[in-house]
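Structure first, then comments.
For reference, chains read A, B, C, D and E in written order, and residue numbers begin at 1 within each chain.
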């Protein structure tokens, strides 16, 4: 938590991460609803919004646009394209911790973990090195904690990767493996989110924004994350795909940093 | 043995290890019978009980809660989630020996070995590095010696992973590969346990606590371990899932450290 | 862009790369249409043409012929033979960045990336090391951005590896992973090329010359690349397989560096 | 040969190696015929017998019992359990050369090589590092030269892993790869053994003792090894499974070091 | 070429390499036609013949017999046994460049490359390290350029691994990957050999001797190699399997170093 505060990813215990790695993970089509979002300059400027505590991007954008923003940089260390159709989920490391910190000036690093995939063991081993190298440098680690793959699909105990039990388990894995923050899917309700937060214990929890939804519905889910003891939100499409991305950032700031309700804000 | 004594994992030749890696290995459902066990603070405090010689946890808990206990820290170096369904058993290394010792202040390290799995060779190689790095630093190595997988299941000579011959073999592997202590399943009786202890020779043997059972039955098995020349017990659920975990720790201390019988204690 | 300019691969924002790795990638039969092209001395001399900003070759040619040309050297770091028929596309690294820069005097390095292949993850990891080592030495990285393999073929959304969306995605991957320049296939038209250039953002884009075609058709496609904001061309067979390779280099210089139209030039 | 002599594994050109890695390779059942053999202290004391030139053990025994014997230590660097049933033979490295020499005081190191297995290439590569690291430290390398696996079984030219041609080939591989001594199965007769010794050339050859047999038959085979120019014997079960292990060691000393016949000795 | 001359593998542009790694690659049966060839001392002495420019052997022979010859040592770095039947061709590295040069005094190193095999990529990567390490130490690299495996067998364009086009491609791969000399199979005629030499460009080409054939036929093929611009021959069985190996070496010296015809010599 100290590392998260000193990095700025957490500000007084709250976090609003603007995520912008969709060009790699989903492809350019994610920018079609708001074409200017294709230009990194636009999103790096958005990240200057006061409510944003960190901007999460891949190495290439950090390297070429990092100087154009005042936002804290959360360099995402692994990722794949959506062109790839592997036998089961795996996300290769595209950036070393050393490069992120020394060359890109990363304030924090992020790593996607697909527990439950046939490649879980390999990812655990990759994560070991990331976590240790980052902490030795005093840099916090955010785990994109997304269980998925054959281990989840073939297990009749779980309804899928949004099953609240799976999300609680994901948050616990983040704690056990030494992540400072877990980015998880929304488990569907306040009480489920509270369980997630309890299982994460000292590891902070933020909700993943997901695909674009109605503003009210979206803000309500963020509100319930805060009420459940979560630290906030990591959001991409629900901001940059909107016509007025600053407005939604204003509102998110109210809900996350000032703990207002969705109804108060809208 | 000297390293085990100087680390505190052994105290006058006896050991009571409180194990708490269930959040990773089994998932949060292991905490449901006693919800406060979900909070690491609770279990790290339990570990202050005088009978406990070491607390076995994964890296993340050691890092975030290590300062909150006076217990000797046994950092478990490998582990997987239960979400994963691999082709055969393997446990990836989540923490390096160097990190455990230098950053987490580990007094000892632990490693799960699945001899008999299709991945035995890979685990032997992983263990080589763990064992050598730990001993170079004067830190003892506890092997969770759990043969399982295709090599056991398909071998008509063995009835399974609790076959006393398999457990004796497991203990011998711990000796041959250079572990200081073997954590094994209970082979079912005193004479079988004695054979296990003899095959382990200079390597100390502790029984694995397993799932929660009746207190009397549990203490009797611990008593027979001590009588057979074993060094004690590594226990998790049989302590933290109980309503009065301190009581069972009191009793275990009597049986292990004072060599009382289960009947005397209860 | 600064690294590309200082390396000479870009000259005032424009690039004409003479590529000559066909002996490895396609085999000697590529030299049959113009037998003198078999001799590296001939092509290394061609690269002295004023319009050429860099010569792209494998390690062996750079090592044995590098001193015979004044051209900037772009050492291609990976490659395979056409004798090989792998399960899916992969290109092994035949030259380290350190060797290319220190021993061969490389001004820039190149790497072929087959996103969409079953081996995408492995290539992303290989590329990480290449990109980081090159940038630490101040040397720019050109990605041969060629999505192909099972992930493309089996995806009904895409018509193949020349689908404009696939090429746009390829250019974006080059940006996200930290390449300075993307070498892509021609997406078929000016507006498609413009989309590619926009998705690449700060990463420069050059068209890949492909197999030999009519001079007019070829120059028109180059013209449209320049109009679309592309930086130029990487070309091999369309130069060295011609009877008058200097003439086509003259014409390409006019179109790329002086922004003349194909019609003006011919 | 010089390294073998200076290490003591060879004494005036002859060798009697007491092998005791059966607890790992075969499991504790190998100790049942003579239960005291289960206790390493017993066998380490046996190794003090004057006829023994080296004691071959795995890392764990060397580490915990090495100080209890005056015998030269031959640390076996790889090995597997018999619980494992791999697709084809492979033996992982359980001890590094550096650890064996620096921490365990090894006078020599041993490595099992399964040429003919599907994993031959991997073992050749493992052996490269072992051989080079050992020789750089002036420590000789004994190869347990045991061709087996699919390459042997499926080859109609060979009758199996005791085919004299296979054993000759094994000895030659030991020479070609740089082993100082080859431990081979007995090829069945004196003339076959002579061929093995000739193919090994400068690499010394010792016979592997194998499972327990009648003393006369056993000594006769040892006698023929010496007559064929072999250097001696590596023996385990044929010593420690006997009621009077010192007697057989006396006899072996006569045959190996004094070149007496089996008939003279018995 | 400079490195080849200074190493002595080339003498005034010509080369006669005596190859003697058959004990590993083919097994001891290759020595049956001339039993004394089994003894490395014999062949190392043969290598003192004035016509021989280098002796090519595996690590073990270089280490144990290197001091017994005045020949230049070409240490072969990879190799397999013939006991092995892999899924497709691969040759593991049995000796590091560092060990060959520093410990064995190698004047040159050799590496077998199976382009076209399913393992081509892995071999290209292995070769990268060999080539770079050797050149950094000023030591030339000879590639045994032998395309084979599934990529060749399944390709209807090629008639097999002696197809002249395949051999030309092999020579080009040697050039492109940075080998100083390519050892290739004889493509069947002078004009085919000339094409091979042209495709190799600055990389020298020697013919591989192959299995024993009539002396006249053999010398004629060597003569045509020299006439085609090749540098000479690497030969094993065609020398050491003969009754008068010195005679054939005399004759080869005349053809290679004095450019005499086969008819003049016989």
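What we mean here is this: a residue touches a chain if its C-beta (ideal position, glycine included) is under 8 Å from a C-beta of that chain, and two chains touch if they have at least 3 such contacts.
Everything numeric here is computed off the predicted structure, so don't read it as measured data.
Asker: Show me the overlap between the contact partners of chain B and those of chain D.
Answerer: none
Asker: Copies chain D, chain E: same or different interface, half of numbers shared as the threshold?
Answerer: Interface between chain D and chain E is built from largely different residues.
Asker: Give, as an integer number of Å, the spacing between the C-alpha centres of chain D and chain C.
Answerer: Their C-alpha centroids are separated by 57 Å.
Asker: What are the residues of chain C that contact at least two other chains?
Answerer: none
Asker: What's the contact topology between the chains, one of line, ring, star, complete, other?
Answerer: The chain contacts form a single closed ring, each chain touching exactly two others.
Asker: Since the chains close into one ring, what order do they take if you set off from chain A toward chain C?
Answerer: Ring order, starting at chain A and heading to chain C first: A, C, E, D, B.
Asker: Enumerate the contact residues on chain A facing chain B in the complex.
Answerer: Contacts found on chain A: 115-118, 120-122, 124-125, 127-128, 131-132, 135-136, 147, 150-152, 154-155, 165-166, 168-169, 172-179, 195, 198-199, 201-203.
Asker: Please name which positions on chain E make contact with chain D in the complex.
Answerer: Listed in rising order, the residues are 21, 23-24, 27-29, 31, 38-41, 58-61, 63-65, 79-87, 90-96, 99, 103.
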